[in-house]
Amino acid sequence: MGELAAFIILSCVTLIPAVVVVTSGNIVRSALSLVPTFLGVTGLYILLHAEFVAGIQILIYAGAITVLLLFVIMLTAGGTGTRIRQVNEQVPLGAMAAVWLGFLILLVIFRTPWQSAATAAPQYNIASVGTAFLTDYVLIFEVTSLVLLVSLIGAIIIARREE
Amino acid sequence: MHVGLTHYLAVSTMLFCIGLYGVLTRRNAVAILMGIELMLNASNINLVAFNRYVAPGAVGGQTFALVIITLAACEAAVGLALVMAAYRSLETIHVDEINVMKW
Amino acid sequence: MAWLTEILKAVLLTLVLFTYLAVVTAMFGVYLERKISGWIQARLGPKHVGPQGLLQTIADTVKLLQKEHITPRQADVLIFNAAPIMVAVAGLLDWVVIPFGRLGDRVLVVRDINIGVLYFSAMASLTVIGILAGGWASNNKYALLGGLRAASQMVSYEIPLALGILWVAMVAGTLSTVGIVEAQRGLWFIFSVPPFGVLAAVTFLTAATAEVNRVPFDLPEAESELVAGYFAEYTGMRFALFQLGEYAEAFAMAALAAIMFLGGWLEPNLPAWLWLTLGIAGVFVVVLLVVSGAARELILQPILILLALSTALCVIMFFGVQAGRSPVLPSPVWFFTKMFALVFFLIWMRWTYPRLRLDQLLNLSWKVLLPAGLLNLLITGFLITVAR
Amino acid sequence: MLPYAWIIPVLPFIGFWWIIFAGRRAPGQGAYVAIGAMIGAAVLSVAAFIEVLRGARYDTSLVWATVLNRPLEVGFQVDPLTSVMLLIVTVVGSLIFVYSIGYMQGDPRYPRFFAYMSLFASSMLLLVLSNNFLSLYAGWELVGLCSYLLIGFWFERPAAARASMKAFVTTRVGDFFMFLGILLIFVQLGTLNFDGIFAGVETGRFAGGLLTLAAVLVFGGAVGKSAQVPLHVWLPDAMEGPTPVSALIHAATMVAAGVYLVARTYPLFFGTPGHEALTVVAYIGGITAIMAATIGVVQDDIKRVMAYSTISQLGYMMMGLGVLGFTAGVFHLMTHAFFKALLFLAAGSVIHAMHTNDIKQMGGLGKIMPYTYVTTVIGGLALAGIPPFAGFWSKDEILLEAYHHDQVLFALGAAGAFLTAFYVFRMIIYTFTGTLRSHNAHPHESPRVMTVPLMILAFFSTVIGLVGAPWWDNPFHHFVRFEGAEGAAFDLAFALRSTGIAALGVLSALVVYHWRLVSAASLRSAFGPLYTAVVHKYYWDELYQFAVIRPVVWAARQLRTFDVYVIDGVVNAIGAGFVGLARLYRVFDLYVVDGLVNVVAWTAKTTGGVLRYVQTGRPQNYLLVIALGVIALVVVGVIR
């Protein structure tokens, strides 16, 4: 019961600001509306007992990416871009596509019989995640770190004002 | 009734579609990035939810969620760097005005 | 109805925390700040409102509460109003994982979640959003500059901060704050794996100081350059909320430092003779000061007071250890002692050092703290693995 | 070096192009180039002359084109006549070029002057060298062009412009006849090479009236060029050109080209039955000589005096040729070239000093410009025919030939000789003796660069006649000769008589104008009607005005009206018709052709517009398509 309430609240906290994000005419507002969305997602993770992912989610998304977005918005003209038209001409088509896709996927989801395993909430601890990273998924881990490095260097090279 | 897998899937679907809508309709490149972030979050919810309900024992889902978060960070960094570069050279970050390559 | 009790508990604890924050950290913190700055600058500081000006901050708060809320023209009102709340709430949420001590067998902590320190740094990183939003929404170039500075500074200093936390987590083998404290029963982490403990502590403290925008890293609110930076346009209670969030953040950092490196609420288990020697030395110095009449020197009074306090502490400890009871004092005392010592240290730094330039700031973060922290991690991890 | 004689005309030709393109940047603003080329040509000519003296001859041709499957040849030859002409042209030309440096000093078109002069020299040399009518005609027309350009050199003066046009048109009339003659010869003999023609004439393939006609037609060209009656009117006006031009072209060389032509084609005339063509030549010459002399007596313009004297001298040459005195004519041509050039240059020097042409305003210049005075007197004596100066030998010979051939012509010649001596000394006395009559003139001796050529020419005018003197067995006669037309032997008594005639002329001039024993006015009244006729140049210009120009203008007017109303009418009618057609076609064009084109374009446009959506450069469109595709896939999946 309480779980359901929390789930509903968190879903609203997630989805309503998300709508604001994609519809607001003020780019800064939509960027700031990302924060509650991410926090709501974090809450969902916590409901799913994935605390570590939740922490990382806040740290990376709310703490880093949002700040980065705001930063770029303010460094570019978007910082004052409240007057500019923010949507292009394919709004109706896009809306239709999104709605239909959502509808169909939901249809598929609800028609699919999920064999859901043990409902007993498992206790994940960070150690197991780390172990998984360094044993089963070590390759993925390494590749990801490599990608991270590459993107770091690339971002610096691209954004750097060449004299 | 208690919360099941489908609930999470539904939420993630909606989030995904919202993000898709944003990606399809926004002119501002940064806004498009936001939409992409939303979609990635939706996928993360899926992963973690599947991990929780389908394979409670393993942590593969969370692992992949973490990997995706990392990649999202990379994507944001590179994308925003590109946006900055484009803005510096074209004075705009609206993707429908960045059309130098069309003619 | 378990979830109902949960919610009630949450509300209650929030109230408690908030009052604690408002009264202790903000008000007392401001009072301390002004007093100590006064002493350092050979002034008296607040003196008239209440005994030794203790009620000064309350009076200020009342004044702030009465003040009008000015919203600049063409400011984004919603964001403008939301920003201080975000900052304050972030500062408030930091305290969720801070254990104050233990009574009997239960720890005085709001929640002991298994990702405590991670959660802490995540919450700390939330503050920057509020600051950036406020700086932008003020529609004021100084505020915007302050916000941008704050953003860059915080984003770049989160990494050394996280490195310091990681070091502790690695040594302790857990992320939960309670676990960390428990892991220091034998030896405080600042002394473990010498000298890397000290190095980690220094890294963490520096990063923390930068994270809470205090001197020498207070570029975002540099009064002389940006007339108070991102909250230049805020008045009244919103201004107070910013201050509150800032002080809460600062105190939380001090508290976390105390927990991670100084053993939190644990009391130092030193032999009695050492306590005695320390106490005698303290008494000797105090007597010397009084006899030499230097006590009348204004500048020496804080030192005198501190000496007296610590001497008293030592004496109490001596008798307690003699009496053979352990712990001698309730653990919160120790926690607050350590925390306020660190707070004093922060304030002391603030009124001692000049401000850095922005490039120096970023260089320090990326070229000194980051490599230092990484090496620290590597070597320490190697040593631990070898020792095992 | 005779095979290389073609270099002689080429040198001044190169000089011409060099000056035209380099302009004032050429050495000496073009003067040195022209003089260098000319002197080079002179040296080559001397060499050629010497070789010819040694008895060498040269003649070559190459096929230039084939007309009516008859080869049309061009080429050059070197024989005594040619070499003499080369010598005259190059030597006199060089001297005049040098003189021009001083005379044309400071002229705005200084380089162009030398360019034209070089072109003239080269074309004159081409004329002289050519061994056939074709290239000769080319050179002929080229010298005509140069004379036109140089007479109108100061085209700012309307008089000069008009004079140049007059000269060109008048000579063109003669050239027209000449061209007809050449065509006739070509049709008859199928060749234009002189040798071929002469052979044809000797073998009699070409004889009778047609031959006479051809000869007379060719002589028409000579009449035009050499200003013989009735086409002499252009030469006096040609004096509007710069004096060196008058000296070179209108005294020494070009006008002599007519005489040269007759001499060159002498067999043509000689072969005519009873030499009738030569008779025509002789009479034309005689009439020209006496008439020009009479006009010369009353002229006050110093250069016009010279011009008429030139005309009359040319008449003498023609007469000499006509009376079978081939050598005499050519001899007089040579001597005349020298002393007439001398006189012209002297006159130019006087004009240079006085800035006027009117001898009535001059006087007493003898003391001021002694070199000019002395040289002029020498030239005058040569012209008058006083031994031992050049003119005496040649003119005496002509008179002798005339005496032996036809008494009438001799009478004309004798009178002409008397008048020549009279008017030349009248001019000299007016110019150089007495006192200066003009008050606003400040005369001065001309610079060395002008006086030195004068002295050289004076020297030549003194001694050149001796090559035709009876001593040393009369070398010139053995050099330039024509079988069948050998000159009569020298006759001392006759020589004394002709000298007497000349001396009488000089004496009477002194009597009338120097000692003033008889006043000019009384003479005028004595010859009343004749005087008026003479003053009006026998009304030649008026005659042409009435007989040619007026009718031509009238005809032109009529033709213009015809043109305007008939031809233009027709043209406009045709134009209107076509405009109408075009209107019709325009409709077709507009609705059919353009229609098709537009249809094609429209199709391309619409298809392009449709296909454009396949590749808008916008990622979001692509993403939308992807999303729709996913939807489609999901639909398919759901349905199945």
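Letters are used for the chains, namely A, B, C and D, taken in the order the chains are written, and counting of residues starts over at 1 for each.
We adopt the following convention: contacts are C-beta pairs under 8 Å (C-beta built on N, C-alpha and C of every residue); 3 or more make two chains touch, one makes a residue touch a chain.
All figures in this text were calculated on a predicted structure; none of them were measured in a lab.
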Request  = Find the most central chain, measuring centrality by the gap between its CA centroid and the centroid of all protein CA atoms shown.
outcome  = B
Remark   = Of all chains, the one whose CA centroid lies most distant from that of subunit D is C
Ask   = Distance from the CA centroid of subunit C to that of subunit D, rounded to the nearest Å?
value = 119
Inquiry  = Counting only Cα atoms for the centres, state how far subunit B is from subunit C in Å.
reply    = 36
Key: CA centroid of subunit A to CA centroid of subunit C, Å   = 31
Message = How many angstrom lie between the centres of subunit A and subunit D, each centre taken as the mean Cα position?
response = 105
Remark   = Check: subunit C positions touching at least 2 other chains come out as none
Query = Do you know which subunit B residues sit against two or more other chains?
reply = 20, 24-25, 96
Ask   = Which parts of subunit D, given as residue numbers and ranges, touch two or more other chains?
value = 620, 624, 627
Query = Can you list every touching chain pair?
reply = A-B, A-C, A-D, B-D
Query = Of all residues in subunit D, which touch subunit A in the complex?
reply = 620-621, 624, 627-628, 630-631, 634-635, 637-638
Key: In the complex with subunit A, residue positions of subunit B that touch it   = 1-11, 13-22, 24-28, 30-31, 33-35, 37-38, 41, 44-45, 48-49, 51-60, 62-67, 69-78, 80-85, 87-88, 91-94, 96
Key: subunit C contact footprint on subunit A (complex, rising order)   = 1-3, 5-6, 26, 28-29, 32, 35, 51-52, 54-56, 58-59, 62-64, 66-68, 70-71, 74-75, 79, 82, 125-126
Task = In the complex, go through subunit D and note every residue touching subunit B.
result = 616-620, 623-624, 627
Query = Which of the residues in subunit B come into contact with subunit D in the complex?
reply = 20, 23-25, 32, 95-96, 99, 101-102
